[in-house]
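Take a look at these structures.
Below are two complexes that have subunit A in common, paired first with subunit B and then with subunit C.
And then the complex of A and B:
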């Protein structure tokens, strides 16, 4: 591996890497805008300039020339080099802005150029607060501008497509967005038009920027030129708490960050995980967050009448014990966590019922072999690995029609809404439902309705379609006191947590619900089964010990990037994606 | 460019334009396709031929509306957006309908000093249109251009991305317009360099018959 000297520090770097990436890998910041590790380096922002020298080599002997002290003589290149396009070579000597006044000056002047036509509308710009241009100008830029002329006025508030809005004036023409459509998504829907001072990214005539990954350009835009139509002007970045978690729209489990303010999810952005989604996130994952905020239930109900939690648990336990276990039908859920499904299986086993089935959420033709899958549920693989089978609608219908079922226990799903049965089929059946939404169509038939925490409110594990087990972290608080959740909220938000603008502690937007690992043990206790775990962490620890399909999936091992589970235990009965 | 400094507004192109070339005229003939193939074969990838093919399309359709850009993209199996980016980058590709003859009057430094603006304004008055506009009969378009690399024979203009007219005077412009109205395009003309006149017996080119001798341009009245 080549050894290079960066600012008098000798580091070993990967052969073939670019100088900029090597510096970033060493935690040495080099300011840059156009470079993105996943894409080609056009070297057009000119911000990553450094001084680069190579040891002088004797032309005859091909030996390095040494000076009087025995050190190699370094010949510096006559001009500054863009580190993003410079490949590392053994013996290379690099001076960045930390050691070179010249580089410092170049960065400052370059920023002055970039800002010549950049509007100073940071106070109303959505990017302000997490804007590379703003940050780097503070750090490396000049104190003011010497530009005396009118700034160029370019088209503003242009809807490139249904989800992305362009502000041409803010653009610094780094071409990250156009390269994304050319090199990553392949949609080729964007290009830089015009030239010189007039250029900006645009769709060609007759084309709408509507590809299913269009919103990634918002993440990679180093200025506020591309903003989300959905999130525009809704909240400033510093008003929201950011929680690293995973998306729930499909079986890929793309890593994302939930931005939450006052216990409302405001925005979802991509989080890097090279094993799952790399740097990207599908638009559907970003936009499907209203389900966490809207139509949420307010406390449990018995027979449609509001009840308190103890009464609801007691009623559920009474119903479960009112008949033989064989006449209780348990429905697990590909929408809820592995831990909750495991607890449900334990409860079913205790009562002598069959192992739970889960409702498949397959939407044929939706997947694209990238970050979207045919499977629209996040944890189908987790259910499969627990030994649950996909529910056959005919079996359920015939058992209901035959009067074989006295109690139907539905965890975090909606058999009526999914078309597996009709409300009429459920007449005479006592239905216990853990539900996410008041729009759940099974609710009218529910004898006991128990509000369930959603993926952004609970702690748990989802296993994605490739067998990658990943942790969910609570992004927003729910009503009631729960030590485990409270501690996890504090931990998951880590340093980012604690913005005074996020009033997460007020009850106004808290949902009165419980995670499955609270409500199921509460019911189990009342039917004589002790499921007293110290939270989901202990449940997963037990699963990873006892069940070979989950070997290694402890919370510590999963961390922020997850664990790839053993493929040999992947059930072959269920094909996941197209 | 002066107007742009005073009022630096970049307009948004029509994003959903109506097609202007009828569908049954929108194709390359077999002969043209063969020509495109020869150009493509000269480059490692088909993308390399894009400028030449855009040029061919402009000669055929007289300008490059969106559907023609799409036609070129299809012909080269290239992304439409990329071809559109190329077409908008170069001012010599016309994105809208222009007159039959397009005057690119140079108003860059050397020509400006020698009367480029005088010539531009004379043309504007004579044809009764402003720079950037086309005459009502669709014959002439006047444009301001940046340096066209003929400072030695300033002031000058270029006709429809073709021949240069050097050492412009009002009389020369009168004669030029008359000739163009009759359909006579001026021939290509080269101008010698002053140093050549002494050292290389007047010309280092082989096409001596198309060459005129260099003259020292006068300083413009407006800058005197």
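And then the complex of A and C:
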């Protein structure tokens, strides 16, 4: 591996890497805008300038020339170099703003230029607070401006497509967005138009920027030029907490960040995981968040009447014991965590019932070989690896019609809404439902209804379509009081953009629900089964020991980027990306 | 210093010889046209490598502005690999203000350019050549298309040229009116149908050119010299004019002279000879004030700086300027240097492609300030700001347009400072407040 010297520090770098990436990998910040590790480097923002020198080599001997002290003689290039386009080479000597006044000055000069035609409307800009231009100006920019002319006016509030809005004046022409559509998504829906200082990105004539990944350009735009039509002006970044977690829209399990304000999910953005989604997130993953906020239940019910939690658990336990285990049908859920499904399987086993089945959520033709899959559920693989089988509609219907089922136990899914049976089929069956939404169509048949925490409110594990096990973290608080959950909420809601004075605790919009790993043990205890774990972490620890399909999937190992599970246990379902 | 152009008064023109209708293929043939190519393709005299060697030996330097040795550039092409296409491109985008010599060659001697391109193609084993010409040259485009068709019909271009096993096509491609398309890497993007943003270098065109394949780009005039070098010999060429940059040069003279135009003479002519004799002296008997010797981007020379200065890279470097395209702007005593500079800053502002920050933002800012001074609203401190901005642009961009925009500002101000100060607002109060350094 080549060795280079950056600001008097000798570091080993990856051959073929760019100088900028090597510096960033060493935690040596170099201000930059246009460079993005996944895309070509046009070196157009000119912010990442550094001084670069190479050891002098004797023409004849090909040896390095040494000075009197035996140190290699370094020849610095006459011009500053853009570190994003410069490949590292052994012996290279680099001076950044930390050691070079020239570089410091050049960075300042460049920021002065970048700002002269920038509208500086940070007070009303969605990017303010997490804006590379704003941050780097504070760190490396000039104190004021010497520009005394009218700024260039460009089109504003332009809907490039249904989801992305452009403010041309804020654009600094880094071409990250156009390169995304050219090099990453391949849609070619954006290009730069006009010339010189009037440049801005636009769709070609007759084209709408509506590709299913369009909103990624909002993430990578280094200023507030591209904003989300859905989220813009709804919340400032510092008013929200940021939780690294997993998307629930499909089986890819793209890594994302949930932005939460007052216990409401306000926005979803991409989180880098090179093993899963790299830097990107599908638009559907970003927009499908209202389900966490709306139509949420308020506490349990017995026979449609509000009840307290104890009574609901007791009634559920009573119903489960009112018949033989063989006549209780358990439905697990590809929408629930592996931990909750595992507890449900333990309960079923204890009662002598068959292993739970799960409802497949397949939408044929939806997948695209990238981050969207035909499977619209996040944890089908988790269910499969637990040995659950996909529920066949005909089987359920015929068993219901044959009167084989006395109790139907539904965890976090909706057999009626999914078309697996009709309410009429459930007459005479005692239905226990853990539900996410008041719109759950199975609810009218529910003898006991138990509100369940959703993916953004719980702790647990999803296994994606490629067998990648990843942790969910709670992004918003629920009413249910639980030490484990409270601690996890505290740990996972990073206050990335706020101040030490921010107060995240608020009672507003807390949903009166419980995670499965609280409610199932509560019911189990009442039928004589102890499922007392110290939270989901302990459940997963046990599973990873006992079940080879989950070997290695401990919370510590999964961390923030997950663990690839053994492929030999990868069930061959039609849910994988083709 | 004396002229390096020798007995230039008896110089016989070769690029633009005084032959009527030379642009017509039959006339061109009658005057030895395509003979060099015939020799190369149908006799043993020239194998491809020796063509390059001869060009190298001649000392020909590129006429597109940078003056890079042409033969050397050709050797940068990687070894031939039959599976990898390679290209040459003739840069006929000629857009620098004060430069209009390539047009003359395309109008009066287009076959010389075609012949030069085919010879270059032969030297570098290339099957496809592009001729990228600025769209505004509409008349000369039709004219060249017509002549190219004739050359095809006569077998000077196309399949099995002159019965040999060498084949090469020439494709004429029209630009759409942007100065930046003359910058070679931007030209290649434009040719590929992309936005004409210059590429970062390295890689150079010989490594990754058109469609990322090895490419050699030369200027129209550069190619036009090649058949002459082969038919008359490298020694003939290198004996003409200034030894370090020999050969005939097309001097494009414009401005306040009696006979503006394009003149072919040896390199190394005295600026004063070109003005006083070649161009017929200053218009209306006025006094010379300034000379911009190589297209609008090179540093301006005051009249008192041109004594004995010759038109070759070294002569002009020593005088404090550059040869550029040898397109000379001659300005007389009545010229307002501020408004002259204002027009130049307008041009570069208008033509910046906008890709990189210092050029995109700086060119407009320069124009703003110079305009303000020209309208009598400027302040003396603006002059220092202008020089500062030049330093913030020079050498910090993807291509050389930012330098081309900054140099005229820097040098016109430093060389005509009093004129600029005179146009600024008088300072009414002496202020003791130091402006904050940025």
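We take it that the second predicted complex is superposed on the first by the 562 of 578 C-alpha atoms of A that agree within 3 Å, B and C clash if a C-alpha of one lies under 4 Å from a C-alpha of the other, contacts with A are read in each partner's own complex, and residues count from 1 in each chain.
In the analysis below, a contact is a pair of C-beta atoms (placed from the backbone, for glycine too) under 8 Å apart; a residue touches a chain by one contact, two chains touch by 3 or more.
All values reported here derive from a predicted model rather than from experimental measurement.
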Superposition on subunit A - do subunit B and subunit C clash or fit: clash
Contacts of A:138 with subunit B and subunit C, given as first, second, both or neither: neither
First, second, both or neither for A:233, with subunit B first and subunit C second: neither
Dominant contact partner of subunit A by residue count, subunit C or subunit B: C
Contacts of A:505 with subunit B and subunit C, given as first, second, both or neither: neither
Contacts of A:202 with subunit B and subunit C, given as first, second, both or neither: first
Partner chain in contact with A:43 - subunit B first, subunit C second, else both or neither: second
First, second, both or neither for A:154, with subunit B first and subunit C second: first
Clash-bearing segment of subunit B relative to subunit C, given 41-49, 59-67, 131-139 or 167-175: 41-49
Subunit A residues contacted in one complex by subunit B, in the other by subunit C: 149, 152, 191-192, 194-195, 197-198
Complex contacts: residues of subunit B adjacent to subunit A: 5-17, 66, 69-70, 79-82, 84-85, 88-91
Residues of subunit C touching subunit A in the complex: 178, 195, 197, 200, 349-358, 360-365, 368, 385, 391-392, 395-398, 436, 438
Residues of subunit A touching subunit C in the complex: 41-47, 49, 78-80, 82, 85, 106, 108-110, 112-114, 116-117, 142-147, 149, 152, 172-173, 175, 191-192, 194-199
Interface residues, subunit A side, partner subunit B - complex: 149-155, 158, 168, 178, 181-182, 188-195, 197-198, 200, 202-207
